[in-house]
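Next come two complexes built around chain A: one with chain B, the other with chain C.
Showing the complex of A and B:
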């Protein structure tokens, strides 16, 4: 069937949930491009005939043209959505992507990601007075300045911004400023309690 | 120093400061800490909560965190220790204590400023007067100095002799007073309740906090710690709070909020989550009264069920699968028949919580579940992690943890039931004269369950009640029970846990074993660790067991 492969591409992307990125499917893309090439050549031939006055070629030309269009749209959608996801990941994971996701990018995507990184970084540096502003922190306004956290492993003494020290010991519960313990939560030392 | 106004002298003091909360791993303590945590969150008071299980845990936790905070709060631990002596806190550290263990150490009560006791003393608790226990230290020093001089000069004038005699008398008197005061260990009113009162005075009370207070109070009730009359009083107060906070009609509230109801509840363990027959068999009260482990008892049970008109099929399946009509009538049916079968106390006033369309859960169910979580059968869960599990189980919306606890509790109760049956079948409850005595044999498959304080106490109570109900002599009712079990949870091998409980015939739940164990261990120089905050449980080296018991017998007879 026409455009079947292109649809498969879209479906594959759709099936993988948010926050994941399937491997760049070069194989199918090549097949779709081949299909488009054949369609185009067939059309080219038939258009010649049709121009000579053969009306009966018109429907098949239209069909192939529609299929070409559809393939093109699907390919663009695939590429665009992948970029969208990569961009979302930049905000989620920071400038360095996890290895498993990086392995799923194709070369141009990696280049795009690096350029996006650079752009974003230089923009963030230009904000605020000194040293810029990290836009990726607190993308939503926090409900509370403090957060209740549980310590998952022994970490030892740790200094909160105001100069207090806290001993982070396994299975203790703490109530701490959110901004200070943000990165410890990401490191997996602390766990937020609802 | 006793604090009377919690709001002014405790809460306002710590506002805006960092506080370190050390919580004993019991349900009441954890409930209290949950109430406090929600208060602290509301006022942005930074806190750290550390669960502690034993005395040495308390000391090491204090050592580790002493640099962090100037204010410490001990929940359900430490009240019975001389805190200044044990912890030796720096000058500027203030220690607040809210402990339901009694008697409180006199040094804590009469400490000037550093140790402040938040727990309210009941009317029946008599603390020795200050002048009976303490005397000006200086004068004693002077005396000693003059003693030395006397020794040099060899002068025995009448005045010095008189003074010395007075001092000796005073010391004897002091010893007697202190002994009388510390002879019995018992439990005061619930700490969770105290903290809820604080929340109420701060106008920050809500249903969730109230529920924690209820669970805390129910723990004392279910494990028969708090005195009966105090339970009734607390239940009354709680009922007032329940009706105050739940007066809104059901339509005006969102469906999935916590709703608390006050009602008469069956004294059957976990019957809402088990089958009726199983639940009766495993609950202490019904099982020991009907003697369900005997053939006759089994017949009596069948008779009771037949008289109530409950088909056996229905009773043997899960309660939630029972016929709706039967479920509705169950309580009234049992109440009618309870007198005839000698179960007058089968119903007791209690509370239950429901949320949305989920199954109703009684406060006693929460207690059983939390107690099982506290002493998990899995070997890889540390005590501190278990305490966090309990905290999770009490949180609203964490039903899966609660259910895990309920399953664990069923296992625990079944193990207890099996063990009691073994004790009775093998006649392993022996009278040692002044007390009854039983031992869980080394290598029992269920020993893992019994190497934890709560479960061991439950087993002891079950055993004693069961033994008294089958023994012919009247005397056994007046005897306390001492139960030992191999401590397979401990790191060092060859230790056992020893647990003593008061006799069944006594209404009062005061327990004299704490002091007795201490003295017996001292006399025989046994390798005993008086580590637990519940003093009626100690850890003892197996080799010293026989001499320890000989000393205990001679002490008590």
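Showing the complex of A and C:
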């Protein structure tokens, strides 16, 4: 059936829900592109006949053209939706992606990711006059200045604010300012106790 | 805001400012809620954003001079955190919409007659341009250059995402507006006129109230 491979591509992405990113399926993309080239050549041949007055070729030309359009649309949708997931990961993980995710990106996607990073960084820097605002921080409305955190691994001595230090030992709990220890929670050193 | 807070802000406020800091904050919060509820991108408020960013930076500076165990310190810090959250949430929502509607917004931007009417701030416009061109470059690189010749263009009219202006929004009337025309899109001539009373709330389509929203007569909730 025409455009079957293209549909397979979309389905594959759709099945891996909750923002996970499957490996870039170059194989199927190549097959879709091959199908498109074949359809195009067949159409080229028939258009020649049709121009010579053979009206019975029209329906098949239309059909192939619709299939070509659909294939193109599917390919672009596949690429675009992957980029959207990659974008969401930029906001979740920061400018450096975990290695297991990076492995599923193809080379042009890595390039796009870097370009997106750069663009976002320069936008955030341009906000206000005093050196910008990091929009990837403050993702939840602040409830309290201080939060109770549990230490998940030995981290050693850590300076909270000017002069104050705490020793972050595994399985100890602390009461710390959220703004200061936010990045440690992200790194997985601390865990917020609800 | 507490009186103490006003003191701290006043110490750094520029002379001749038309609005007080708390008015700016109120406006910013309104813009934030409207932006979150609106199906499309609203006009940028970069003056409010810049002003508020400046304020919180100065407030943080002022707080450094306070005594460390002053109990007011915690309250002020909390307030700064809250304002920063509103600011970044507002800008994040805008960025998301800019990315989703990048091509559509840029097209609108190029058809503008007057700079002042621009929905995007200059920084946002630069961001949207780079984002849109990075998408196109990516499509070009992976697919478009490999497909048959007559399909190689990226058709913006067909492929770009446009905001749905027919979606429904909750709104609150700030200035009484009589005779708001709600056209019947089915073409059966069942047009309706509604008199907006100040302080009343409605649920209706976004499109008919778009201009009222821009003029500030209504606000989304």
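Observations on the model:
Basically, the second predicted complex is superposed on the first by the 178 of 194 C-alpha atoms of A that agree within 3 Å, B and C clash if a C-alpha of one lies under 4 Å from a C-alpha of the other, contacts with A are read in each partner's own complex, and residues count from 1 in each chain.
As a working rule, a residue touches a chain if its C-beta (ideal position, glycine included) is under 8 Å from a C-beta of that chain, and two chains touch if they have at least 3 such contacts.
Everything numeric here is computed off the predicted structure, so don't read it as measured data.
Of the two partner chains, chain C is the only one touched by A:116; chain B is not.
Legend: residue contacts after superposition of the two complexes on their common chain; A:76 is shown touching chain C, with no touch to chain B.
Touch criterion met: A:166 reaches chain B, while chain C stays clear of it.
Of the two partner chains placed by the overlay, neither chain B nor chain C lies in contact with A:45.
Contacts of A:62 after superposition on the shared chain: neither chain B nor chain C is touched. Of the two partner chains placed by superposition, only chain C is touched by A:87; chain B is not. Ranked by how many residues of chain A each touches, chain B and chain C are led by C.
Contacts of A:129 after superposition on the shared chain: chain C is touched, whereas chain B is not.
In the superposed model, A:145 makes contact with both chain B and chain C.
Residues 145 of chain A contact both chain B in one complex and chain C in the other.
Note for the complex: chain C touches chain A at residues 49-50, 53-54, 57, 74, 77-78, 81-82, 84-85, 87-89, 91-92, 95, 99, 123-124, 126-127, 130-131, 134-135, 137-139, 141-143, 146-148, 150-151, 154, 159. Interface residues of chain A, counted against chain B in their complex, comprise 145-146, 148, 150, 164-167, 169-176, 194.
Residues 29, 33, 36-37, 40, 68-69, 72-73, 75-76, 79-80, 83, 87, 106, 108-109, 112, 115-116, 119-120, 123, 126-130, 133-135, 137-138, 140-142, 144-145, 179 of chain A are the ones touching chain C in the complex. Looking at the complex, you find that chain B touches chain A at residues 18, 37, 40-41, 44-51, 64-65, 67-68, 382, 384-385, 387-388, 391, 395, 397.
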